[in-house]
Each structure stands twice: as structure tokens, then as C-alpha cells.
Amino acid sequence: MSIFDERESNLRAYCRVYPTVFDKAFNARQIDENGKQYIDFFAGAGVLNFGHNNPKMTTAIIDYIQNQGVAHSLDMSTTIKRRFMEVFSELILQPRKLPHRMQFVGPTGTNAVEAALKLARRVTGRQSVVAFNHAFHGMTLGSLAATANSYFRGAAGVPLNHVIHYPFGAEDSRLSAETGNGAEQLDALRAQFSDSSSGLEAPAAFIVEVVQAEGGVNVADKAWLQALAQLAKDLGALLIVDDIQAGMGRTGSFFSFDDYDIEPDIVCLAKGLGGFGTPLAMNLVKPEHDDHWSPGEHTGTFRGQSLSFVAGIEALNYFRDEQLMNQVAEKSAQMREALSALAQHPAIQVRGKGMMLGIDVGDGAVAKSVVANCFENGLLLGACGTGGRVVKLLPPLTIEQDDLAQGMSIVIDAVKHALETS
Amino acid sequence: MSIFDERESNLRAYCRVYPTVFDKAFNARQIDENGKQYIDFFAGAGVLNFGHNNPKMTTAIIDYIQNQGVAHSLDMSTTIKRRFMEVFSELILQPRKLPHRMQFVGPTGTNAVEAALKLARRVTGRQSVVAFNHAFHGMTLGSLAATANSYFRGAAGVPLNHVIHYPFGAEDSRLSAETGNGAEQLDALRAQFSDSSSGLEAPAAFIVEVVQAEGGVNVADKAWLQALAQLAKDLGALLIVDDIQAGMGRTGSFFSFDDYDIEPDIVCLAKGLGGFGTPLAMNLVKPEHDDHWSPGEHTGTFRGQSLSFVAGIEALNYFRDEQLMNQVAEKSAQMREALSALAQHPAIQVRGKGMMLGIDVGDGAVAKSVVANCFENGLLLGACGTGGRVVKLLPPLTIEQDDLAQGMSIVIDAVKHALETS
Amino acid sequence: MSIFDERESNLRAYCRVYPTVFDKAFNARQIDENGKQYIDFFAGAGVLNFGHNNPKMTTAIIDYIQNQGVAHSLDMSTTIKRRFMEVFSELILQPRKLPHRMQFVGPTGTNAVEAALKLARRVTGRQSVVAFNHAFHGMTLGSLAATANSYFRGAAGVPLNHVIHYPFGAEDSRLSAETGNGAEQLDALRAQFSDSSSGLEAPAAFIVEVVQAEGGVNVADKAWLQALAQLAKDLGALLIVDDIQAGMGRTGSFFSFDDYDIEPDIVCLAKGLGGFGTPLAMNLVKPEHDDHWSPGEHTGTFRGQSLSFVAGIEALNYFRDEQLMNQVAEKSAQMREALSALAQHPAIQVRGKGMMLGIDVGDGAVAKSVVANCFENGLLLGACGTGGRVVKLLPPLTIEQDDLAQGMSIVIDAVKHALETS
Amino acid sequence: MSIFDERESNLRAYCRVYPTVFDKAFNARQIDENGKQYIDFFAGAGVLNFGHNNPKMTTAIIDYIQNQGVAHSLDMSTTIKRRFMEVFSELILQPRKLPHRMQFVGPTGTNAVEAALKLARRVTGRQSVVAFNHAFHGMTLGSLAATANSYFRGAAGVPLNHVIHYPFGAEDSRLSAETGNGAEQLDALRAQFSDSSSGLEAPAAFIVEVVQAEGGVNVADKAWLQALAQLAKDLGALLIVDDIQAGMGRTGSFFSFDDYDIEPDIVCLAKGLGGFGTPLAMNLVKPEHDDHWSPGEHTGTFRGQSLSFVAGIEALNYFRDEQLMNQVAEKSAQMREALSALAQHPAIQVRGKGMMLGIDVGDGAVAKSVVANCFENGLLLGACGTGGRVVKLLPPLTIEQDDLAQGMSIVIDAVKHALETS
């Protein structure tokens, strides 16, 4: 009996989906201890936008360690943190004329969301928050309350209050048909917030993913998201964009909302921010809101993660020019093109943005068999959405063309096979 | 204006206490960008038990990276995770005959606590949890509810429910005199839980730190903690020990409770577990409780932190023999001896265990001036406890004798100076 | 300074709307201490369906008292309670083939709602309840959570959780245009409850008024209410009809829902149930739900109000034949006819059912001036709805034709005057 | 099958304890439909302090009805309400120099408590309230949260938050021995409230019964209650005395706290206030707190209960001179004297004040058999306290000497018999 069977918690999950033991990895490939290689369309759940063991990062990290750089600093000032902030400001904030401040939090996405919700409640003096169907914002009680999936919610053990759940305004028709049209729901919501006898008080914030990743690769309709931003503004509520999985270039631009003409009050970043797979999380906060924080009110031991700063700077450097984002556009088109082979099938809907695509096969069991089939054939990917019915394609942005083509071929065959046998 | 002034959140705190920019570090020394060296009695808030840039760890990490080891794996199985688990089992669990399973969670202490509370509620079907005055368990809503400090609680923005706060049973008299005798309170609590008309329902869990670190370096009285364990057992409630700051050898043994004759249902570990300052968090859970988890109910992106596994194995190796723990005993005695110079002063109380000691100077302003004075004189340390009135001494366990002596000298002078001028 | 000015709480309200001191009353007339008579279109907020000092009731009460009948009995069995139950069963339940049991609760509407919500949560093991915009269910914390008006909610002082507020499906177009179409909302709600990743769990109950009285005299659309009943059934949730103000013949039949083809799981009754103005409250509960109660779990001192039973029997006797309900139909038509003079005005909407009619004048200040004008001219009525913009006409069902005509004339003149001067 | 069996809710309870059907009643006697007379030591759960069908009240009520007095008025001004307020002010408030205003609420004790808690939260801007073990404050969610008994709490169906439960400071030793010494607990509570790192925030209010009736006839220790009042004052919290069952002369003075040298911020009254058994509830509120109410924020249909005002005036008239209170003192002594026959028995403790006495027989099953035995022998009384182990003696204050003596004889025999056979 392996140590995993003997001593690892029953909670473990991905090791059941991928029943092998991984040893090494580079760019879009993982290698198990038997030497079998897998193409990686999972990318650490969206962390590894720049590939496993990105060479620029490994060099920088080793160099940093060899020079005895401070590895861990909480929120003390360090030279490497300064560099990270300078680069982030130069490459991301200034070009977009974003006035936001950087707030480093405990290095998990859920911690970023918790901090954002705290601040929104502080700024507005209100308690309730509006979150959306199929949203995923984290597992700790504050962010879990905003997460939609009943499987996760069911583990809370206490009521999850102070969050109002409303239909998400997806640009895709299937979702709207099934769970309500987001735009009409938003009108109804506005009407209720305008009526002092609706039972709904104006919220502290609206928290939204521009592309819902775990929720099933649902892309926000542009008009809907702009209406949402306007509603938030009219109500004096904050607009929080959770860009934890969809940010860092994943959708073809640094932020997922770059082409939406909105300016969020708070943006939550994590996952890909640390570049290498080491944790980092950060909120971007408008100064007028940030001023409501008193020093140290929301703390965390691992906020000053220098290896993540080192690798994160390398990640940010990809945004110095258009090269990577142009590649993402091309690879995205390549993926779409390959998927067109499935598009005719009535049970299938393909959705997504940039290099985050989803194949909605309409049934969780079918998607599960696709994932298993892909694993056998050397491709790692995961399922998401209600009942796990959406196969999510999330390769590193830096994936080699051949690996991308080969991976697409494997998944398309797997879907076809699943449809034929289901 | 520096990037910190311009762009970092107002929330930043330690950088205000230590107004410089750190660049390098080794063992118990940090060096700022001007080359000034500081002795470190802060140790990354308890993370760096084995020193900054521990040479065994830097070698192992660089080696791992150069060999393209998987850096990030969520809860997939990896060869390095297997090794970490095997070593942990061999050196920590088996010698103590602990049957516990290892549950890796999002790599923050707060996430470990959230997971522990979820499980306790699941196992018992109950909602309320008993936590203790001066407790610190984290910043996310679930763990924040169990945290005592009103400054942190005030940032929640929503009510913090489902936790009952009771006096901690400290072995030191000052605390008891001020906030109630823990033992008597525990008797009263037992009486109330036994009375169906008390308004208190039996709790899901008791969560306790054996040494309260942030709460003011309060060491649990052994009889009290045993009575607490018995009460939990009698009520069918789980005993959760939060060993996040006091574990990993800090108090002279791997667990802070090794000499307390209790067997917790769940032990929360983080901070020092990753060895190098990179994050890792893990709960040890008795199998009969762990079986209540369904796969993936509590997830987290950064659960599989390979660099932390690599360095963590080196950290665990310190527990292969008695050498380090013997050194801790000696250094602890050396610190106590030095502090005896202060012990006569009526305003002073020295408390603690192993190499976590606190100088309770009775007043937050005094402690603040001590910390500032130490910083000027090249020593990093922090204040904790109610109103920040306790100066906390938390050097790396591996600190050089000379550094330890010099640091003690600085802090003792600072305390004397503060007492004379206050 | 009067004792009211000197010693009555600042909370007092109706005495400010009607600034006089009332002394006597009969049928639809109240007389103040100066002998001035007022026609009563307020009817004790819907309590006095059978008029002030209904002669059959005064005779019966005096007789009961003179015979030393038990006046107060909690939930002991008494001969008068038996008679009340027999008559209620004979005249109300049996003709409708309703299997419901009678549960006497603390003699307020809010207590009935609290008991209904407790039972629905017990039966289903769920916590959340769906209530509707503009709903009024009471002032105690459990029922207040289901009440929509922010003025009342703002007095709670603690969060009001476990209730989801949704648009009411009114048959009138104005309301729908402003606060969302109930039917579409209900479809969206059904879709969300069907989606395990919506963030909404199936509720314990839907609680609804068939005619929202305090909410602005909004009559439920029949198709909507039937769809609601079906949704409740499909979800395993209870349908609770709060018939506290609209029941007891007010809308032209004993229950407001008699012509809706639905069978509620629980019906809450109070207000008019005691007949005379003395309190009584009762829930009708389907036996299969009622069986979930253990004896005495929800208690209350004043559940056995014999004077209310005595007068209540007289009230029930009005339903032995069609006479009163026929009169209600005629008087309702008479009121509608009179109001047709206002119907052309674009700012005006007339709504309602039976002898509960509302004149929505679109503006709270206008409605307030109408109420004040009416008072001056000898007519008592109140305002309701969002911002108090609906003038509510609620005369005793037994009102004399002349009083009804005179009252209608006063209110119509007042509305016309207000519209001309606003 | 009777209508009770067929149609009354399973919730019914007292009718199971007293399995007969009552028909008539006068002073301390109830008569069932078979003509059997019972001496009443239950007094409508403390409502009927002045006996069933008190002749002064029956005369006044009949007279009022025959004169067409307004029966029901919400919070309009009426001549009878004015008279009630004048008499209350003259006889109760002015002699005690109490500045309190009268706030009429929905006519149940629970409604009074809900209103008191709302106001305390409004005044202080705080949410939590301290209530005590064994407290009974009502059944609606707000007051139920402050009620201690797990049987009642278990019916809520949602978490009962925002209340901290602490041991009551009883003057009797048995209770203290079992559930903690109130005075020590109060010291510990003060210490925690003084410590910003205790996890406890200062509360909005302390709510306390001076004599806990349902909780087991526990009389507050005078020093404890004064310390409690001081603690409330020091913390800026309101002191709320729930005098619903113990007020109106029951303990030998109008208020139960008349000899405690405290001045509550709010006093809740109900039960006996309406005199005749018809409902009435009222809070006495200090003007500086009452000013925080806006008109109509806490409403209720049945606040203006004229029959209760009429009878309540007669009840208040008993306090024009010392006669009745002298009789209570004598009867109380007579009861104590009779109970001295039981005092030697080690399993028995007699507690109480005035004419509210409890025989703690230590076991709920024993108490239940006592109650059943008494019923068979023509005496009505109830059990209270944890597990129902206290037999409560609560005769009307106006009971005839012979009835009192005979009732005492029946209950003492029953207790002796139960002790012998248990």
C-alpha cells in the first residue's frame, strides 16, 4: 500500500482522476515516474500560463537563491518586491491608466476574495454581496458564500449568508435558456434595489468573473457586464472582478476585461501571478477604497513570497510586447478551428475566450469519460460546470504548436468516442 | 516617492515597523539594501525555524529545479510529495503512534483552520465551536470567527457567528488574574453543556493553541488542557490543536503538545512546515474523522507545493535525532537566564516555552518603543498580545550562539530603557 | 400636556395620523371624545370585518362573562374552544375538504408566521424561505426577515437571514413594469433551483399573501400563484399562505385563495379571526406536516382566548349562508363603480379584490394628503405600499350602504383634490 | 373522537397534562364540564394574578362593552387607553420616580422582548445581547435566541445568533453548585469585555429575569444583579428586565426588582398586565432610549386592546394601597410554612419569592408524577426548570385562604408520595 493510500486524506481528488505519480515537467508536458509523457491542457488549474519550469524563471529563481535573497518577508519591504511592483506598475497599470494600489494578501485566491469582500463591506457599511450562478470564488467561509456549487457549499457546516445569487449574463445562449437570461434578471434586480419595499438592500459589492472557469467556461456578455458595472455605480456598490483564473494573459490580454470597457473597483489576482507555480495573490484596489484599510487589519504570513516575485517578474515581462498575446490569439484560433469538427453535434457547445475553452458535452458522465480517455491517451485536462459536464481546455500559453495540435486531436477523438458510445 | 508609497496598499504594516528595504538573509540575519545587518528574532512570524536560506534547503531546491521536478501539482500524486509524506510518517507520526492522515490544504494557516472547522462540523452535525480568548486562527471568515482580537474582527464587515469565546487556561498567573481562571471557566462551561436549559448546545469542536503566539505568548496549563481534551471527548466534540506557529520544533519538541499527554483529533500545521519560507499547510486528521470527507469538497490551487516539500523534507530531517531539540533546550535556557535580569521588575512578566518567549511589559506603547529601539540597534522582533504589550522573542532555532546572545542583550537593554523612561 | 405626549413611546404612529381621542364605535363608525363621528374604512387594519361592537358578538361576550366562562386557558381544552373548532371545521374546512389541523399560537399574526416558518424548516430540514417583494409578514425577527419594507427591516438591528426575496406576481401591470414580471422571475427561480451550481438551495417554504395588503393591495395573478404552488411541490417545499389580512371574508370568500385552485400546506390566520377586535391567531396545517411537531415546542401564553372564541364563532356564523359574501360582492362593485371616476387619470391605478381596494396615487406625499383630507372630512383610512403611495379602502364588510357611499365620496373628492394641487 | 383529537395540532400540550375540558372559572377555581372543581395554582401561567373572572373586572368590561367603547384601536388614542396610562403613571411610575415611557407592543411577552432587543441594538449600534442560563424570553426568533431551553431552541430551524449565554446568579446554592457561580462568571465576563483580545465585543444589552419562572423559580442574588446593572452601565449596554411573569405584584411588590436598588433601562411587561386574561404587553423605556425610535418602526395589530385596558385599570387599582401586597406577604409565609414539612428532605429545595414558589424535586419524572397526582386530587399546577424538575406554585394573589391551604396540602402530599415511591 502506497503512502497515499495509507496516509493521505480521503479528500484527495485529482490523483484519482490522474492515477499515476508525476515526477518531472517542462512547458506543456508532465512526465510520470514511469517516463510516460502527458500533454498538459490543465496547467495547474490555470496557474501555469507560462509552462512548467519556464527556463527564464528557473534561471532567475536559482540565481536569486544563490545570492541569498530574502525568501520570505510578510509585508516588509524588500528589493525584489519593489522590483515586482515597479514592473507591474510599468507594464500593467500605467498603460491602462489604472490608479489602483497593490494589496498583497495570503497567497491564495480565496484570501484575495476574502480581503476584497471585507473592504467592500467596510467602504459601504453594507453586508450583502451579489454573486452569480456558477461562480467560483474560493473555499474559505467568506468566499465560499459567493461560490455557487452546492457540492462545495455543502461542506461549510454553517449557513452561508450575506450573499445574493443571481443568474450570470453569459454571451452563450445555452446557459441563458437553462438558467435565465442574465440581462432580464439584471433589470429585475435593479428594479428591486430601487424599491424600498422589495426586501433587498443595496449591496456592498457585485463580484463577478468575466469568464467563469470552474463554472463551465461561461463568457460574460459585454452589454450585460457593462450594465452590471453601471448598476454597481448607481447603487454605490463596488464592482469586484475575480480574475484569478482568467487573468494573466489567459484570455488573450492581461486582464480578461480589457476589452469590456469597465473599470473594476477591485481586481483579484492569484494563480498565474507567481509565474512558476509558487503562490502569490494580490488585489488591485482603487485608492479611494484602499484608504479605508487601517494597517494590518487583514494579515497573512505568506504575503511576501520572493520566489513568486522573481518568477512573476519574468511572467510580467511577457507583456512588454505583443508577441505572446499574438500567439495566444493564433493558438486560440487554432483550437477553435479544430473544435469546429464537433460544432455540428447538437449535444455540444463550444465556449470560451483566448486559450480558455470549454466543450459543453451536456452531461457530467460523458465529460468524465472524455477526461479518462484523454488521460489514457496522454492528455491531462479537467471537467467543470454544473455536474462537471464541460471539458475545459487550458493549455499553457507557451505550449508548442505540435503539442497543441496533438492535444486537440486527442480530446476531439475522445469527445467523438464518448458521443458515439453514450 | 517610492513604489511602496505610491502603489502599495494602506494595509501594509510590518514595513512601517521596520522602515528599511531588505535585500538578503542567512540563518538569523537579514541585510538591508544599505548593507546594514539585523539579527532576526522575528523569523518570518514563526516560519523560519531553520533560518533564512538554510544551506541544506537551498541546495535541495536548486537541485530539484535543475532536474525539472514538478513545481506545482494541486493534489495530484508526485514523487516529491510521496517522499515528504513518507518522511513525515516515519519521523513524526510513527514514533508517536499517531494514526492521523495528512490533508494538504491551501498553503496558509487560515486555510488549514477553515478545513478543520468544516470537518468538525461535518463529523458532529453541529455548528458552534469553542475558541479561546487571545486566540489567533486566521483572517478568512471561518477562522476569523475563532480569532479573538477585536482589531482583526472589526474588519469582517459581517457578524462572526458560531463561535463561543472562553478564557484560555494559561499556566501563568498574570493572565488568569486579569481575564478569569481558565480552569474555573472550564468547569462552568462543562456545567452549562450538561444543562439542557443553559442556551448552549454541545459544540462541534474546541480549537486551541497550546502556546498562544499572537495572543501574547500564553502557555496552556497542562491540567487545563487535559481537562479540555476530556471535556471535548465527553461531549463528542473534536479537539483541534492549532500548532501553526508553535509546532515544527519551536517549543522544544516537534509538536507543542508532545508533553501534554493529549491526542488531538485534528492538528493544523503551516508556517514552518515548508521549511524555507515557501508556503505549505497540512492538517493531521484521525482516520475516523477523515472518512467523512468526500473527494474534493475542500479544494485549493496551491496544495501541491513541491519546493515546500523539498525544503520541508530537510526540515523534517532535523528531527531524525535529538541534536536540534537539545540545542533548543539549551538556547531556551540561555534566553531565560538572560531575561532573569528583568524578572524582578514588577511590571514585567516573562512567559513562554522553548524558543518562543514573551516579555509582557504591561503596556502596548512601551512594547512598541522596545521594538523600535531594537530595530535601531539591529534587532528585529515584534509585539503581540492584547494591545500589543508583549515583546515576542522568536529567533530561528538554528541561530548562532553569538547572535542569540547579542540579540538578547539588545532587547534587554531596550526593555530596561523603556521602563526607565515610561 | 396629555399623558400621550408625556408618557407614550415615540414609536406611536396612528395617533399622529388621526389626531383625536376616540371613545366609542359601532359597525363602521368611530366617535371621538368630542362626539365627532368618523366613517371607518380602516377597520382596525383589517381586524374588524364584522364592524365595531357587532351586536351579536357583544351579546355573546357579555353572556359568556356573566356565566363565568373560562377567559384564558393557554392550550387547555375548554368547552368554548371546542365549539369554536367544531364550527370552524363544519363551516370552513369540511365544505372545502381541507384536511388541515388547527394550531393555535400566540395571538398575533407575526406569531402565526413564526410558527409556520419553524414547522416548514422542521419538515424539510432546510433553512431558507422564499418571500416576495412588498410582502408583510410581521415584526418579530423570524417573520420580519420575510417582510419586505426597508423601514421595518431597518429596525431589526441584526442581519435578517435565511429569506430570499423575489418579485411578486401581481395581476396588475403597473407593478410588473416597475419591479419585474413575476412569472418570468418565477421561471428564472425554478431554473436556479434546478441547477446544482446556482448557489441557491431548495427552500423550506414559499410564503405568500394572495392579496398583499400592507404591500400596496397587490392581487396575485392566478397563473402565477398556481405556478408557484407547483414549484413548491416540485421542490418539496411547503406553500404557506399568509391570509392574516385578506382572509375571513375580506376578498369575497372566506379565504382569499378560494378561487385560485391551490391547496396551501399552511394557512396563517389572525386579525379578523377573533371577530370582535380581541386577539386570536391560528395556523391551518396539513396533518402530515403537523405530525412533525412535538408537544409544546412552540408555546405562548395567550393562545386560549375565550372571548375571541366566543366572538369568533359569531364571525364564522356569517359563513353559514351566502348572504354576507353576496353583500361583499355588491359593495365591492359599488366601490369599483365609484372609483371609475378616477380610473381615467393616468397617475391613478385602482387595484384589489372584494372589499380590499387600493388607489395607487403614485406618490406617498399625495397619498398622505389624501388620508389627512379624509380624516378632516370624517373618514378614516390608511396608506400602504412602497413609500405609502396607495390609499387603502378597507371598510367593515357589514358597513351600511349609506356609510359606504359617503365614505367613497369623501375619498374620491380627496384624491381629486390632491391630484389637482400636487 | 373529539374535535381536539381530530383537528387540533399535535403541538398542544397543557391539555395533555390536564386531560379534561374546562368550562367555568372564578378566582382560584376552575370547573370542568363534568362539574369537577380544581384549585388553580397555575393561574394561566402567571396571567391571572387577580383570579379568574375577577368581579370588579367583569363588571367593568361588561359596562364598557354595553357603552360601545372602542374595543380595538392599534395605537390610536382612546379615552380608555388614556385612563390606563394615567393610572399606571400615577400608581406605578410616579411613586418610584421612574421616568420611563410606555410602549405598547403586540400583546404577547415575546413581542415585548423583541421590541426591547431591537431598541437596545438601535441605541448602542451593537448586535450581541447577554442572556442567562435557564432564561425564558419567548418563542419568536429574536426572543427565542435569548431563551435557554434546548427543547424550544431546537424548533427554530435556523441558527439562533447574536446572544451570549451566561450562568444566572441565583441566590440559592443548589443551582450555583451545578451550573457555575454567577458572581464569578460575571467577574470573568467583565474581564473579557475589558480585553480587546477576548473575542467578545461589548453587548447591546443584558436581559434578565429577576425571578426566572419557567427556568425553575430561580431568584436573582441581589449583589449579583446589582453587579450586573453596574457592568451594563460601564459597558454602555442597556439593562432589560423581563418582568413578564414575575411582575404585577407576583413577588410581593409591583415589580420583582423593587427591592433590588436597580433601575432598568427597559422593563418588559405582559401576562398579568391585562388583568382578566385578555392580552396586553408593554415596555417601559427610559426616554433617552425611547427617542431612538422613529414612529411605527415596530408595529402590531393588537396593541390597543381596550378590554385589557379596562380590566388592567382594575388590576392597577389593587396597588392604590398596601392591602393586596400585605396579603401576598402573608400568603407567601403561609406557603413557606407549609413547605417546611418538605425542607428536611435532601432531594428537595424550595425556592422563590412572594407567591411564586418552586419545589425542586431534582428529577423531571418525579415532578411530572407530582403534577399528575395533584390533577387527580383537584389541583392544577405545572412543572418548570431543567428537565421539568421543579413544581411551580403560582396561585392567584387573590386566592381564598382555604383554597390556598387545601392546595398546599394536596401538593405536599403528592411530593411526599412521589419521594416515597421513586
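In this document, chain identifiers A, B, C and D correspond to the written order of the chains, with residue numbering beginning at 1 in each.
What we mean here is this: a contact is a pair of C-beta atoms (placed from the backbone, for glycine too) under 8 Å apart; a residue touches a chain by one contact, two chains touch by 3 or more.
Treat the numbers as computed from the prediction; the structure is a model and nothing was measured.
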Task: Most widely separated chain from chain D, with each centre as the mean of CA atoms - done: A
TODO: Mind checking chain C against chain D and telling me if their interface is mostly the same residue numbers on each side, over half, or mostly different?
DONE: same
Open item on the list: So chain A and chain D are the same sequence; what rotation in degrees superposes their CA atoms, nearest 5?
Closed with: 180
- [ ] For chain A and chain D, let me know how many angstrom lie between their CA-based centres, rounded off.
- [x] 58
Task: Mean-CA-position distance for chain B and chain A (Å) - done: 30
Open item on the list: Please tell me the distance, in whole Å, between the geometric centres of chain A and chain C computed from their C-alpha atoms.
Closed with: 49
Open item on the list: Using the touch definition from the top, which residues of chain D touch two or more other chains?
Closed with: 127, 151, 158-159, 161-162
TODO: Write out the stretch or stretches of chain D touching chain B in their complex.
DONE: 127, 131-135, 146-151, 153, 159, 161-165, 167, 178-181, 184-185, 187-188, 191-192, 195-201, 215-216, 385-387
Task: Interfacial residue positions of chain B with respect to chain C in the complex - done: 158-159
Open item on the list: Quick check: in the complex, which residue numbers of chain B touch chain A?
Closed with: 2-4, 6-16, 18, 20-26, 30, 33, 44-48, 52-53, 58, 61-62, 65-79, 82, 85-86, 89, 93, 101-104, 106-111, 114, 117-118, 120-122, 127, 139-143, 145, 151-152, 154-158, 161-162, 204, 270-271, 276-279, 283, 285, 290-291, 293-302, 305-307
